[in-house]
Structures are given as structure tokens and as C-alpha cells.
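Input: structures, listed below.
Okay, so chain A shows up in both of these, paired with chain B first and chain C after.
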Partner chain A sequence: MAAQTELSGLQIIEKVYNRPEGDDMQGDLMMTLINSRGNQRIREIKQFIKNFGEMEKKIMFFISPADVRNTSFMNWSYDQAGKDDDQWIYLPALKKVKRISSDSRSDHFMGSDFTYDDLGDRHPSDDNHNLLREETINGEACYVVESIPKDDEYMYSRTITWTIKDKWIGLKKEFYDEDGELLKTLTVKKFSQIKGIWIIMMSEMHNVQKEHTTKMQLSNVILNSGIPANKFTERMMRRGLK
Partner chain B sequence: MKKQILIRFGLVFIGLALIGQLEAQSLSWTGYVRNYMGVLLQNENEYSIIQNTVNLNLELSKNKVAFKVNPYIYQYPGFQPETGLREAYLDIYLNSIDFRIGKQQIIWGKADGVFITDIISPKDLSEFLLRDFDEIRMGVTAVKADYYFGNNTFELVWIPQFAATKMPAENSIWSPKMDFPIQPVMDNSRRQVAATLQNSEIFAKLSGLTSALDFEIMAGYMWDDDPTLYTAKTLDPQSLQLNHLTITPEHKRLGLAGGSFSTTLKGFVVRGEGAFYTGKHFATNSTSLASVFMEKNYFHYLLGLDFTLWNIHMSSQFIQQMILDYETPIIANERENTLTFLATGDFLRETLHAELFAYIGLNNSDALIRPRIRYNLTDAFELLLGANIFLGDEGRFGQYDENDMVYTKIKYSF
Partner chain C sequence: MIKLLTRLMKYPWFILALILVISVLFFSVIKKNSRMETDLDKYMPQQHPAFVFSNQAEEWFQINDGIIIAIENQDGIFNTKTITKLENLTKTLQKMKEFNKDDVTSLYTADNIIGTEEGLDVKPFFKSVPKTEEAMAQLRANVLKNEMIFGRLVSTDEKVTVIVAEIEDDVFSQEFYHQILDIVKEFEGPEKLYVAGRPIVEGTMAYLGPQDMQRMVPIVILVIILVLLLVLRSFKSTFFTLLVVLFSTVWTFGLMAALKIPLYAVSTMIPVMLIAIGVADGVHLYSHLHLFLQEHPDASKKEAVFDMLHGMWKPVVMTSVTTAVGFTSLLTSQVYPIKYFGMFTAFGVMMAMVFSLLLIPAGILVFGLPRWKQKKKMRDENYSRSAGFVAQKLVKYKFITIFSTIIILAISIAGIGKVWINSSFLEKFEKDSDIVLTDKFINQHFGGTSTLNVILAGKENDIFKDPAILTEIDKLQEAVEKLSVVGNSFSLADYLKRMNKVMHADSEKFDRIPESQDLVAQYLLLYEMSGDPDKLWEVVDYYYQKANVTFQLKNDNSKAINSAIAVIEDFDPAFQELGVEVKYAGSGYKSLVFSNLILEGQIYSLLMSLVIVVLLLSLMFKKISVGLIGALPVMITAIISFGIMGLLDIPLSTTTALISSIAIGIGIDYAVHFIERYKIYAAETGSQDMTIRHTMYHSGRAIIFNAIVVIAGFLVLLFSVFPPNRVLGGLVSLNMFTSFLGTVTIMFIILYMTRIYFRSEKLKKKEQENEDQKNNCTYINSCPFHSGNFGSTDRVIRFADH
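Up next is the complex of A and B:
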């Protein structure tokens, strides 16, 4: 226990980044978008992720709403520092797989409160990290780490993460805008251990400035089932879930 | 007639519903109903279109077999409904090979809004280029086989019977302007390509999707979608003035070899596409030549750049068509240059979508400007307000200078 308290902010965030995620994972993702008047919109996705060593491939099939059904999105991300993700989208109306730029990481994912960058694994070397304090929330002992981006143009001026000490899960995260004001709060509502691996099952992103919330729920999670490599190809983007 | 159409549609529904009862878990129903109204800004604000649409996508899959049927109805007030099947095909999935057999839309290439290697599916140009692209491309009966190896695909397409692009009706405001000294008589007796094995079309494509580059290399032996317009003139023996003109359209064979690529470069997506066509018959204005057509090869290519600026997604393309071994009697320009520009943005959590698309013809200084705004009242229900503005006096877009219009589309998806 004494050794753990000597960890630096960078080491804590690296442990979160390197937390085992399994060789592959599939599951159903449901996002509920709730505006300030309480109106809800639902987005449903089936996703598959596979680790190929120095690269990770992800494919998502959009199920609802009806006008995006059969759209698919594929992302290949790399451990190599500085190498951008490769991304493609299949639009069923155009019947085309289009390569898209991964430069738009500040875009909101399907109109939710999550940006593409919020959903990805931000590399620890992109920020300077300071351990602020230790704190217990929801009965979990946490490290509280402030992360300040090295890139001044980044969409957040800083983030603060509450990381559970023995599980290396970011239980809560605050995002501050360019003026230093609190913009969003991410709260993990439920996490489970499947085949010895911690998986975040339910989380909630609340935009405090716009009073808008997105609930994200993962279900039917299957880990290490041996998803074939050809799941992450143009063939499957076009074929969909058939 | 109307009754027969409804009965046919009903039978398709009943059949699919019965299958659906048996296979309820794997049958998927999606589609939309839509009202589309357009009004011209000139010509005393005539309606350019009033159209009601029902479009259904019915898909059933089980193990290694799937099928899809896409029936549609276009209803225009005062006219018989136009019904059809945009697609109706069967999929067979094997380990490394997929087959798709039946009426299908086949889309190739990396270009947006331009047809260079994307020439397999015939087009519905009855409303020029204004329809949504999934409606412009018509289904074509074909056998398509895809063989997969790694991240590469070899695709072979056989089209047993040529299907031509659908042109606007002669009295339509979208009928292309043709400069004839007198009103011609159309003779369509040679327009049809006989349905024989020898007259079928064949296409092949090798494509790959890799981290560095996406590419396609393709070839085709096909029929020219634009028929060659043979003319027969009769002169008045006394005045020697032209008194009769007959136009006889006839499709000709074309050979095609081409390719396309797409890659990312520091936040930009760079795209290119090109095709070399052989055997195109170009019309001439010569009266001394034995034939009023010259057979030439031509090159059609595009370079495009996609990027994002201030959260607005932008795309620009330069397109050139170049006739090789050009001779002056040919009416078409030796080089035909076009630019396209697209800017799109999503606002209010993707409930408001704004878009500006433009074709700019550089040879004739003409253009088609298409701004539109779409608002989603709910996830399923959208309102669209748009305009089509034609600039210039001549050229592909300028010829429709009188057809500027604003339009609305109200669409419910399910």
C-alpha cells in the first residue's frame, strides 16, 4: 500500500491506459441522449474489438435509429506514437466504403456528449499529469490526477480523473473547457469483472454547461471468444450483421 | 393497370409477411415515406415536382444465404403511380467468396457525385442529377462474385442484358437542350440492344483496403450509356433548305480500364480516380466527312481532397475529360473541366444538418449550386429545405438556367 502512494500522476494514468482489455470483445452498446427538457433519443450499436498486438481494430454496426441502420464504422488504432488511426465508414445509401480522416476527434459521436476522443484511449504521453490527492468516492479509494494537454489547441484545458486504486478504472472524470470552466463530468455507474478483466458496463457523461446527458450502457459482453481477423474488413462493413 | 400494380405490390408484401412469420427473427423491415415538393423560381412559379414516395427495404438472412427486396412507389398527382423494384437479389456467403445474384445497385470508385468508374448501374436522370444518389442509381440484373484474400477483393460482374440510363421525358424541363435547325423526328428502332449472350457486359475489379492506401483497379467491356445519335436529313429540292430531320439513337460498345485510390495525409483525405475509355463515338459538325461521328478514345479522371475546418467537413474535386487525338470537327471540347465543392456541418447535436454542394463547369462558366438544410424533429422524422440554382447560359448546368427551384422534403423513416 505504501508503494502505491508513491506512484506519480503519469504512472497512474499509464496503469489505466495499460489495463488488460482481453484479446477481443463484442457487445451491444446503447446510448441514451437526454436533453435539458428530459427528452430522450436512443442510439444502438453492435461493436467488435480485437487486439492485434501493436494495433487494435474495432468495427461498429449501427442498428438504430432507422435512418442510420446498416451504417458501419471501422477504426484501426496503433500503439506507435504519432501514428493516426485509420477510419472508414460504410454508408448503405451510397453503397460505398469511404476512408475518413481521424482528425475530427473533437466531433461528437452520434450527437452524444462523448467526442470521438473521449471514447478512444488517449495516450498518456499527450498530457502532463499531476497527482493531486487521494480520495474515496462511492466507497472506492481513488487517486485524483490532473492531466494538462501538451497541445494548447486541444479541446480541453485540463481533465481531472478519479482512478480506483486496485482496479485502475477511471471512476469519475471532469473535463474543463478552454476558459478553465467545468464543461462535462463522466461518471462510471457500473463495472464488472468478466474472465478476470474489468469492463465498464454503464457510464454517464453530463454536460453541465448545456444541461445535456448521455448514458452509455454495454450489454451482452463476450470476451476472448476468438473473433476472426476477417471481421475487420471491407467485406464485413458492407455485409453488416448478416 | 393501377389495380394490377397494387395487386403485384400486395403479393410481394403478403409473400414477405409469410416468410416473416416463419423467420420473424431474421427479417428486417426498414424504409421511409416522403413528400417532395419543388417550385420553380421563374415560369410563374410552376411546380417542378410534387412527388409522394414509399420506399421499403426488406431483408431476410439465414446462415449463409440472404435476400433483399427494395420495392418503391413514386406517386405524382394526376398520374398513374410509378412502381418498381430498385433491388431484388439473393446473397450466398461462402468462406472466401460471396455471390450476389439478381437486380442490384453496384457502385465503384472514390468520386462523389461524378461517374468515372462508377458506370455499372444505369442512372435515372429523369430529374437531371437532382435526385438522391441512391435514387439516381438504378438496379441492374447481374451476377456478382467477390473473392476475398487478406484485405483485398477480386470482383467479377456479369450483366446478361444491357440496361440503359433513363433520360428525362422529351417534354420534361430536364430534357437536355439539343441544337437542331428544325424539330427532329426520333426513330428508336435501333435503340434497343438485343438480349443475347454476345451483347452482355462484363466488369472486373481488384481492390484493397490497407492502412496506407485504399485502391481499385478495374476493367470493363460494356455498352455506351449515351447513344450515338445518327441523323438523316432531307432537303427541299427547290429551296435546298432542310425540311426533314430524323434522329436514330444507337448504343455502341465501349472498352474501359481504370482505377482509383484514397489515402490520408496529415488530416486530409486525398482521392483520385481515372478511366481510359476506348471506342467512343463523338458527334461532329462536319458536312464533308463520310460519317458525322468520329471514333476516339478518351480519358476521364478526378483528383479530390477532403478536410475539416472549424468542424465543417469540406470536399473539393477537379474533374477532367480529355479526348485523345482530338480533331476540330468534334463538337465536344477537347478538354472538359469541372470542379465540385461540398461543405457539410452538423449542429444542435446532429439534429440540424447544413450542406452546400456545387458543380462548377469551367469551360462554359456555368454551375449548379445546391444549398440545403435538414432538421430532425425526431430521430425518425425529418424536414428538408433546399434550393437548386443554375448559373450560366449554356453547358451542362447553364442549359437549365430557367429551372432554378426551391423544394421541401418531409420524410418519415422506419
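Up next is the complex of A and C:
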């Protein structure tokens, strides 16, 4: 312990942000939405993600429920600071691809309790980080880091992340609202190493104020299969799942 | 009974002390335990299916009443200063602990779904207030283009914008209301700000009514004291009569407090009833005492008291028991506050009886006889002469009375047809009060301050993605919105029409329900992805199996709600066919159901108490005919009371419906006292002529005194600042008056005409004998037959000696 150099909060969060994710990834995502009354809705999505260096492209197709099957969604996000994501949606019943321009960072991903930022896209330089303590949860030794946004208009007033040492996976994260009250808790339930890369397989976001929960479960994950660049086009959106 | 009373009267000090001590105990219980129920939901029968459903639906769709704050700028709201004000006020409200942040809606928080050339754009109308003219013009253009916002959050003349802050039922308090008013005041100028909405109206009413009562009641009591002094002409009598009312009220509220039953708005009617009824007992007792002493100026106070008890215990017990039983018929009501009202008023009436029979005699025994002012002898002779005169004239012109009674009753019955139940809270206020004017102002500019929720429920999931059903909802909204009282409406159909239009490059042609279920589903998915899905759950449930259609009404009265419901019911068959059930929810609807329940219950219990009264009176007087005659004043009072309400357009509400209960309390009292006297005099004199004159003098006098006292007291309420209290004062006075008039005129005449108590041969003979003496007997004082009741003095003395 004494020999180990103390890492700063920022360094820890950077390590999480920079954790290798592979060049591309595809998999089936099952999203379970649960409201305060315990009602459940399940959405199944097939997703493809490819890293293009300066930008990341993502395309998703709804498998179920049946009435939205083949509805597809494409997102291009850019590393460049201040540049908004480009987003498209294809509604098969309308047979049209439409752009959705919205303030995407705080938008809810697919109507879930996750915002795009919550999914791990927030740049470490946007916050001031502070290592609070070290703690062991679920048998994993963790760093507990508090992150306070530099922009005080941001949707959260602070977040606290439990990061597993060595694996650099955020095991648990608490989000506090503008009034400083706990808003959401993210818990990672399962993670696996595929081709040497840590992938979060199962996670759960619980909005404690609305008592709404989203469970995300990933399966059939294939990494670095060389998804062609032309997979991420409007034409592919229209084509849908065959 | 009388033996017990006479025995108890040996210890008058002890009785006074005992009653006083128990009263003090009850009073301390009231101090400790009494609490006012302010949550209006607690008034409603929660297990009633309509309430169960409405409460459930309110939870499903987060239906809450909203406080509406309007910002008016005569030069238009689209300028940096006004919009900044809107943003700051919205933020201030969001920070208040009484509001959930998400429940505060304004142009600042609203999502704008707009169509662009390339697609869809869902975002706030502005994040920071537009500083440049172009940016402001853009904001204005965005608002004008969005029919989900324009006309709802911003008035179509662009001069007013509103903030709607929803709160839970039990959050509202008077302090909270003032806090909001204070905040709003800070933002005042040059813009004008208005605060309205059902929570404000309910809250203000819950506060204004009792506050006004607190101010008025002392004056009412003062007037009653003054008039009592005038008619009883004695401080002591007035004092003890008031004690009877006071103690019965204290014991009643004490018992309620001891049983931990909270005070409801209708509980304020209990003292009203007890004043009217308690005063009656006192007046009748003292009146009897007075007459006895007039004839026996040398009688001791003991003799006087025992004669009074002898003569009066029976009618006092009879009137009280019948009245109490009459009130217990309210136990059949489904509404708890009314059940309690009936139960505890009955208790109070019984207590008033006990105190009348204990406190008043004990008071006389301890503090001496009331000292009436002199020169009254002349006056009494006048009374007696005029009573006799009135009685004779009434009999002579009996058909005029009968005829006019029939006409009055006919008019009243016609009036009853016009009686309507009003569950409106707003209409309880002055027409020119701030609260009414603000409401009017907001209704002029926006859809309406009152809401009706129509809850549609299907059996299968996703049924509300079916275009056929959505089209039907759209048609329903269109039809109901045609009513002038309905401002606008809101449902899942509005979202879909908006999305459809936006996804077709803002083309008006597509401002309609999408044609396929898949497209509906995909739009909804799109909305969930880009907007705030929580907003959707206010119009549809998670499984798209239930939907909530909200109608905004410009008036919260029952006529408005009923007219909307009538149109909605036309759509019932169409929805049935589509497998959708139509139900209603929301506070306005609950008030309507509640009022109907009260009315039904009130009419039912009035009828029931009428039957009970007839039965009891028949039993007491051992004649069914007497029972029927005795119920006359009750019927007449109730019919005229409702008739006048219909004719004067006074709607039925919780309190006004209960006022008709006074008919039971007072009508019975008068009838019983009168008939009992009549019976006694009939037996004594055998002469119908003398009987009517003596009865009119003895009972008629007490009845008119009682009526004058209570009427004078309650007329004071006509000067109240709170309209419902004015109505209360007017109606109580009216009921007292008709009870009095009905007893001494029509009931009297019918009693006379049926010749009850004069039918036996023996009486007829006696009557014949008396006819001869008639001329010597014009004045009561010289009348050999006028000696009170069973009334011989030696009998009284026998008791006194005992």
C-alpha cells in the first residue's frame, strides 16, 4: 500500500473513460422498464457500434415489441468538444428516415432511465474529481470518487462512482439532482471479459425519485468482428433486420 | 320520570355543581382533542365505488389539482423582461418543498415538439431567455405554431401566460397559500399576476367560512340574549336558557372530542340546531312558569317549579325524543360527516332535554324565581285577548288558511322541481371577490380552471394504440369542446396528432390520428426517446390499456360538469363496441357525486324521519290521526324550505341540505307542545272554543317567542361576508318562521276541524255545559278552567310536601 502511488480522482475517472472497448461491437440488448407500480415493459434491440477514432457510430434495430420491429436508430457522436451528436430515426410504418436534433446528452436513451451521459460518454475534463475513500463492495476493492460538474447548469449537481481497482469498471454510481438530492443509482450486476476487454453485461438504473427502474442485459456479444463502415448509413437503417 | 325529577330537585345545588363539573371536564377534552378536518377527501365516503375508482385513476395518471399563476402583460408577454420573470417564478416554485419539481409546468419547462424540413425536434422552448429580437421572434413563432402550448400555456392574444403547479390533496394550507401570494407579489409589476385554481378556492373556503362564523356567532348570541331578555323579561330565565344551549353544545362537542371524531364543516351546524331546539325548551318552560305564577301570585318557588315540571316534562321529553330519533335517521347517510351530524345532534337534543328539566328548575330553586318586570299584567291580558282573537279569526276564516296553504305548498312543490345541487366551490364566493374575478380572468384567456377527467379502460394491452379508438377519442374531444363551458381538452390523441403533423413537415393535413397501429406505436416510441416519457403517463398507462382524457371547464358548478358528462355519455355505445369502458375521475367529479349522495341521503332520511315522527307521535298521543297532524309542520317546513331554494335559485349543498333538518327539530317541537296543550285543555274544559284560545295563548305564545328569538339571532348572519353563511342565516330563519306559522295556522285548523279530543259523548256533554259559561270566560285570568295542566294547585303542593 505504502509503495503504491496515490491516484488522483481525475486519474481514476480517466482510466475508466479510456478503458479499451474494442474497435467494434455487436450484441443483443434487452431493456426492461419497470415503473413504480411494478409494471414491466420489455424491449429487445440489436445494436452495432464502431469506433472511428474521432467519432463513434452506433446503429440499433428494435426486434420487439412487434409493433415497433425494425424501427431503427442511428447515432454519431464526436470527440470534439461542444459538437452535438447527429441522430436519425427510421420508422418503418412511415418509411422515412428522420433526423432528431435534440439536446442529446441529457436525453433518455430509448426512453429508459439512462441518459446518454450515464452510458459512459461524459468526458472526464467536464468535472472536478475528488477521491473520497477506498471501499470494498461485492468483494471488489473500489475507489470512491466524487465528481462535480464544472458547468453548474448541468443536470446533476454531483455523482459518486465506485470504481473497481485494476479493472476500471464503475461498479456503482450515484447521481444527485440539482438540489443535491439522490436521484438515481446505477448498479452493475454482471461484467465479463471478452477478448481481454471488460464488458458490462448486466446493469440496473434505479430512479429513486420516480421509482422507475431500467434493467439492461447484453447477450450474444461479438467484439472486433470487423463491422464494415457502411453498416452505419441511412440505407442500412431502412433495410432493417433480415 | 316525574318522581325522579321531583326527588332530584331536593338537591338543586348538587345538580348545578355536577353539571358544571362535567361541562368543565368536557370543555377540557375539547381543548385537548378537538381538531378540524381540512382534507376534503376525508369527507367523502372512500369505499363508494365512484370514489374508489377516481382515487385509483388519480394515482394511475397523477391527476392532481393545480394552482394556476397567470402573468399578464398588456404589451404582450414576448419580451425579455416578462419571459425572465416567467423563468424565475417557475424556478422559485420548483424549489418550494410543497411542489414536485416535475409538477410545475410553464413555457419554461414545456417541451416543444416541432417539425423541421428534415425531421423532428423536441426540446425546451428556451434554455436561457432570448436576448435578441430575432431570438424572441423565434420563440414566439415556436409557441404560435404549437397547439399543445398556444391557448394552453400562452393565451391566444399573447398577453397572458400561466404557470400550473400541481399539488397533492393534503399539502394545501392557509400558510402555504399566503406564502404563494407573497412570492407572487414580489414578481408583480409592470406585469399583473393572478393566482387561481381549485386548491386555492378550496383552501380559501375552508378558511373563510369558519373565520366568518367566528366573527358572526358572538353577534348572533348577543342578539339571541337581547331578544330572550325581551320575551322572557328576566335575566335569570335568559341566563338559564342560554346555559341549556351552551352546556348541551359543550357536552356534544366534548363527546365528539372524547371519541376522537374530528370536526367537519357540517359540524358547525350542530350548535345551530341546538340553539334553535334548546331555546325552545327553555322558552316553553318559563312560559308555563310565568302563566302559573300569574294565576297563583302567592305560590312558593317550590310549588311553581313542581307545577312547571308536572305540566311540561311530558311535552319536553316527547319533543326531544322525537327530534332525536328524527336526527338519528341521518345515520343512513353514506357520508360520515352527516352521520356524525345526525348522531351528535340527537345526543345534543337529549342533553338539552336533560338540562331543561334539571338546570332550569334547579336554577329557580337555588337562585329564586325570575323577577318579571311589572306592568306586564296588562300586557299579558293583551296577549291573552289577542291570542284568543287570533284563534277565533283563524277558525272563522279557516278556508282562507287552508286555501293559501295549498297554494303556497303548490308553489313550493313547483319550486322543488327547480332545486339543483351545486358542488361548485367557486360559487360560494362573492361575485366581485378577488378569487372569482381571477378565475374569470383565467377562464377568459385559457381553457378553464376546472377539470373533468374521463378514464377509458380496455381489456387488452396496447388497445390505445388502435387508430379506431384514438379517432373515437378525438371525436369525443371535438364534440365536448363544442360546449361553451368547455375550454379545451387533452389526451393521447393530441400527442399523436401533433407527432403525425410534425413528422409530415408540419403539414396541417396530417393533424390527425395516424392510420396504422404500427405507426402509432412507432411515434410513441419516438416520443419516449426524445421527449419526457413521464408526460405520456399522464394520458395513458404503461400498457396502453387505460387512457385519461382531460377536459378543462370554465365553471366548476354541477351544471357545467353534467352538461359535459351528457355529451360524453353519447359516446358510450361507440366505446362499448370498441371494448372500452368509460368512467370519470377528478376532484370536480367527486364533488358532484358527493353532492348527489348528500342530496339522496338527505331526502331519504327526511322521508324516513317523517315516518318515524308520525309513528312516535301516534304512539305518544295514542292516535294515528294525531301523529299525522303533528307531522304537518315538519312537512310544510321541509317543502317550503326546498321550494324557496328552488325558486330563489339557491342550490343544494352540504349545509343547505342539512338546514331542512331544522324542520324536523323545530316542527316537531312546536307541534307536540301545541297538541299536548290542546289535549290538556280539551280534557279540562271540554269546550273546543276555550281550548283553542287557551292553547293559542299558552303554546302559541311560547312558540312565537321561540321563533322570534331564533329568527332574530340568525338574521344577523345576513350581514355575513361569506355568502354560504348568509344563506344559512336566511334559511334557518325561514324554517323557524314556517314551522311557527304552519303550527299555529294550518295544523291548528286541522286539529280543530277533526274535532279530535272532542268526540266522546262525555266531552260533548261537558262542552255543552261550558257553552253557557262561555261569555264569562273571555279572559284567562278570570277563567275557572284555566289552572295550568293536570293543574290543580293542591296536587302540586302534595308533591312539594312529599
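We take it that the second predicted complex is superposed on the first by the 233 of 242 C-alpha atoms of A that agree within 3 Å, B and C clash if a C-alpha of one lies under 4 Å from a C-alpha of the other, contacts with A are read in each partner's own complex, and residues count from 1 in each chain.
Here is the rule we use: a contact is a pair of C-beta atoms (placed from the backbone, for glycine too) under 8 Å apart; a residue touches a chain by one contact, two chains touch by 3 or more.
On a predicted model such as this, the values are computed, not experimentally measured, just so you know.
Engineer: For A:Arg19 in the superposed arrangement: first (chain B), second (chain C), both or neither?
Structural biologist: It touches nothing on chain B or chain C.
Engineer: Counting only touches as set out at the top, which of chain B and chain C does A:Lys167 meet: first, second, both, neither?
Structural biologist: After superposition on chain A, A:Lys167 lies in contact with neither partner.
Engineer: Contacts for A:Trp76 in the overlay, against chain B (first) and chain C (second): which applies, first, second, both or neither?
Structural biologist: Touch status of A:Trp76: first partner only.
Engineer: With both complexes overlaid on chain A, does A:Arg99 touch chain B (first), chain C (second), both or neither?
Structural biologist: Both partners, chain B and chain C.
Engineer: Quick one: is A:Lys46 in contact with chain B, with chain C, with both, or with neither? Answer first, second, both or neither.
Structural biologist: Touch status of A:Lys46: no partner.
Engineer: If you tally the residues of chain A touched by each partner, is the higher count for chain B or for chain C?
Structural biologist: Counting contacted residues of chain A, the larger count belongs to B.
Engineer: Per the contact definition in the header, classify A:Asp179: touching chain B only (first), chain C only (second), both, or neither.
Structural biologist: second
Engineer: Tell me which partner A:Ile89 touches in the superposition: chain B (first), chain C (second), both or neither.
Structural biologist: After superposition on chain A, A:Ile89 lies in contact with chain C alone.
Engineer: Could you tell me if A:Arg235 is touching chain B, chain C, both of them or neither one (first, second, both, neither)?
Structural biologist: first
Engineer: Considering only the contact definition stated at the top, list the common interface residues of chain A for chain B and chain C.
Structural biologist: Touching chain B in the first complex and chain C in the second, residues 35, 41, 65, 67, 88, 93-94, 96, 98-103, 107-108, 110-111 of chain A appear in both lists.
Engineer: Show which residues of chain A lie in contact with chain C when the two form their complex.
Structural biologist: Those in contact with chain C are residues 35, 37, 39, 41, 62, 65, 67-68, 71, 73, 88-89, 91-94, 96, 98-103, 107-111, 179, 210.
Engineer: Can you name the residues of chain B that touch chain A in the complex?
Structural biologist: For this pair, the touching residues of chain B are 28, 30, 32, 59, 61, 66, 91, 93, 98, 105-107, 110, 132-134, 137, 146, 148, 151, 153, 207, 209, 211, 214, 262-264, 267-269, 306-308, 311, 313, 346, 349-351, 378-380, 382, 413-414.
Engineer: Which stretch or stretches of chain A touch chain B in the complex?
Structural biologist: Spelled out, the residues of chain A in touch with chain B are 33, 35, 41-42, 64-67, 69-70, 76, 84, 86, 88, 93-104, 106-108, 110-112, 212, 230, 233-235, 239, 242.
Engineer: Taking the complex as given, what residues does chain C use to touch chain A?
Structural biologist: It is residues 95, 101, 116, 118-124, 127, 462, 465, 503, 514, 516-523, 525-526, 528-530, 532-534, 537, 541-543 of chain C that touch chain A.
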